[in-house]
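Below, chain A partners chain B and then partners chain C, in two separate complexes.
And then the complex of A and B:
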């Protein structure tokens, strides 16, 4: 069977183009499971997946959980909105405790960048990064790529504009790495206070001007702006931010006819995106959510292959 | 004579000496350096092939006692110092309680007298509790035995308070050592701000956080006439500012650490918490400028900023782990192997960086092997092959970023007041 060349999925950074294509192809094949009357395959039957969430998360967690259930895995949910440290147990102790119960895969979301890497080094189980601090969110980037590929038929040569709070966004990092790797032209756009140093070295062109970013763009990816940013002196106000970086119908008139609009959610309507735009035909925001389940199924399936499990071959 | 070191290479820039000779010690003092000392010593050491140097002083260490004896004690820290080739260490005041009073200073000195084989030179706090608000009782601490003042780790943010501290320090001729960091600029940061912080998704500490405070101190030093010593300088621009200020005869000295001279922020990519320290590892450009600085003499001192942490505290997520790495047992070997051996600096320069200059800055009667000087001596074997192995540290902590490094050249004997306190 096909499998990834890694034990863990820690980030897009470690993936080759072949890895990415394999995941996307597999996700595409698994997408039809959702259309079946019985939305379940026995692929991970008898395998255990732990969902270790140290940060509140509804959509990513539900998406992983659904993916695991559709693959018939046994699931253990371990959620802690407070940090492991404040509970008096370290992350490593928590992980080692869970590992004693012999899970096959641990899906982790954590506030600290590098937390999945710490587990990857210390644990036998495969680790899936479901978002670590401001670092990476690889499954989000993969589902974004699947969404774009499904609509546009390809990734290479496309202009992708990622707009908003780049500094605090793990999605911006993973998306930039992935789309750049796959041959797209990535632009990131936002106020200079929200663009981190040397971001161009990740493979993006940088602009502060939104019109320049969306000019000729095939994909416009809007990022959520946290309200706190105005209290931390990154922006004067959400009002001013909206005027310069909000995606409005007016701005969309300057975009190409076949541009699609994406957003990793949750939406901040009226701050970074107008309702008119979010709900328009060119918005594929809900496709992203649907593709999220298939993409996560693909990742779990391909990692279980690495772990040497006997998985029934799927015929395509 | 009490002790004679036979036929070592004696290198002592204070006397412009670099020669193979015998060195005789009596009553804890150097009494004779001669090609051949005729009399027999009570104890004799064959120093052929070895370097015999004025005792090295690490002027920036954290001994953690009182307060965090799980990480280090005065005993374990000074044992580590002796093993690392140091005859003396200056210990920073950020203990619990802070060394901001005569009582804490005398506790440290008394404890050192009981357990330490090497000299301990306490540094007193600048402000009470290192809170940055009001001056600590600097005069009383000076009377008790501090050699400098510093709010290391909790740098004074209020420029008026810093100005007063500088003015007041002149009364006692005490250097003011500053860990330069603008806490607003560094807030939340855990590594150098640049490509790597962006790629790793870690909050950055902009080099400006250090540079802004360095420049403030240089300007205050100019107006007050105080002696300011910039601790662990880590950026090119900080060093340029120091060099500029010196041209105007401001009394400024500075130190760099081995880790800032040998490692860049690229090391952080593994999220290894032993690459987390403050100031953080900087860019290649900064490292190159610092190396030039030790070669040219623009940097006066190499100090380790030995910062022991319990292993439990370092086995955390990168952004939650404490800042700091140990250095006492690796500093001398690293500098010898990486800078003296390839000829980037001379052995004379190394002695200035580790002995002559720290002694001068702290006004210690050390840093020389002139006749009558205290017989604090560091002996190095230039051919000693070894590998850094934290399991063998005498320090209670193991948080080194240099684990496994293979080195040639290192300390083999440490002599304090004419007594061999450690040998390999």
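And then the complex of A and C:
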């Protein structure tokens, strides 16, 4: 028997090493479902999953939806633009309304950090954080870890370089927390305007020099410039950004022979990553997408044990 | 409830003898007629399937495909709340369509595991026929399921447990019956 030590998956921060290994092992076992002629198992039959997306999302939402469908769950999709949220309903009211429809799991993406945590305290359903503001994106970090573990066979002792817009990236936060927890050496790199000065508290080393970050790295994780979260000018131009922080073939020549390149998507080709690099053999970007479905299936499977259990509300 | 000392039901030699007889029966029923494969149900069914397979290959002088089935995703008790059973991978790397399959498990009891296994197989294709081989049939079925090849039949009560211990999983080799004293 196996279970997570939490009712909700709110972030990597709360997870123990055992939790993380359990999720990764379960995801690994579930990958096989995608290779079957019938890509569906009856495991979550009769369970209801609500996808509550307050921010536009294609990749994560479809990945969750596919994971839910492959486990035979019933799905309710709410997008903020087409629901009563646009009519002025508060998050808490939305949550209480949903709760009275007795869903088992609520997957939420919200522009405010902590929104899933609020729901976790207020709802009986299990909450899965699918990205909250600039805070965390735990399932992305877990699928990244699964991808690295599959290729490299381990996580501890690896050098992982996360490069790009660190400030606005919840992926950078969750990835740093996870890889650090699992014993990897995490470097974050980007223009000083896009790195929080206290990021080393999460366990990362900070550098502004891309060559230093890449040198000897086993994994190079490129992040997108998040134009939609930037109100100010953090960089002079995307051209200059490319020159200093773009992953080019030239830079890859100086990297370790067996290094792998990752990117949570969507790619901005020619800004943070060259087309040649994104499509090269050492790029595992599409493996990440495939692992995303298996990872989300694993999370839903493990959390579904909590559905119907009376969980004590944690104090605020 | 406390477990009392177990009663030995089968020794290592008896287990081997039973498997040899089952292999001979499988050859008799399927060997000449069909292409067939062996599927072990995790966990101890996998060990038994491998042993049956090597016996079958020795008799038939041809390779017999073997696979591993994890039935966790198909269990009928997942809708109840509680801990999730640990999930492991199903590994069947051949096409099961139009193939005769022999499912292998250690103990046949309620029949619920086999029900789950049959559901799992259906999602992988349409086998020509599915047969069942178990080392121990202890009766007390809750579903209309029966085995085609049985190592040993036992009359048991619900208070008793039958434990099959195999070198590969348990570092000892025997079948033991425990009765729980109330």
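Simple rule for what comes next: the second predicted complex is superposed on the first by the 295 of 316 C-alpha atoms of A that agree within 3 Å, B and C clash if a C-alpha of one lies under 4 Å from a C-alpha of the other, contacts with A are read in each partner's own complex, and residues count from 1 in each chain.
The criterion applied here is as follows: a contact is a pair of C-beta atoms (placed from the backbone, for glycine too) under 8 Å apart; a residue touches a chain by one contact, two chains touch by 3 or more.
The structure presented is a predicted model; accordingly, all values stated were derived computationally and were not measured.
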| item | value |
| --- | --- |
| First, second, both or neither for A:301, with chain B first and chain C second | second |
| Partner chain(s) touched by A:275 [first = chain B, second = chain C, both, neither] | neither |
| Chain B versus chain C as contact partner of A:117, first or second or both or neither | first |
| Which of chain B and chain C A:97 touches, first, second, both or neither | neither |
| Which superposed partner A:173 touches (first chain B, second chain C, both, neither) | first |
| First (chain B), second (chain C), both or neither touched by A:32 | second |
| Contacts of A:42 with chain B and chain C, given as first, second, both or neither | second |
| Chain B and chain C contact sites that coincide on chain A, given as residue numbers | none |
| In the complex, chain A residues that touch chain B | 13, 83, 85, 90-92, 110, 112-115, 117-118, 132-136, 170, 173, 196-199, 201-202 |
| In the complex, chain C residues that touch chain A | 70, 73-74, 78-91, 119, 122-125 |
| Touching residues (chain side chain B, partner chain A) in the complex | 193-195, 197-204, 270-271, 312, 315-320 |
| In the complex with chain C, residue positions of chain A that touch it | 1-3, 25-26, 28-33, 36-38, 40-47, 298, 301-302, 304-309 |
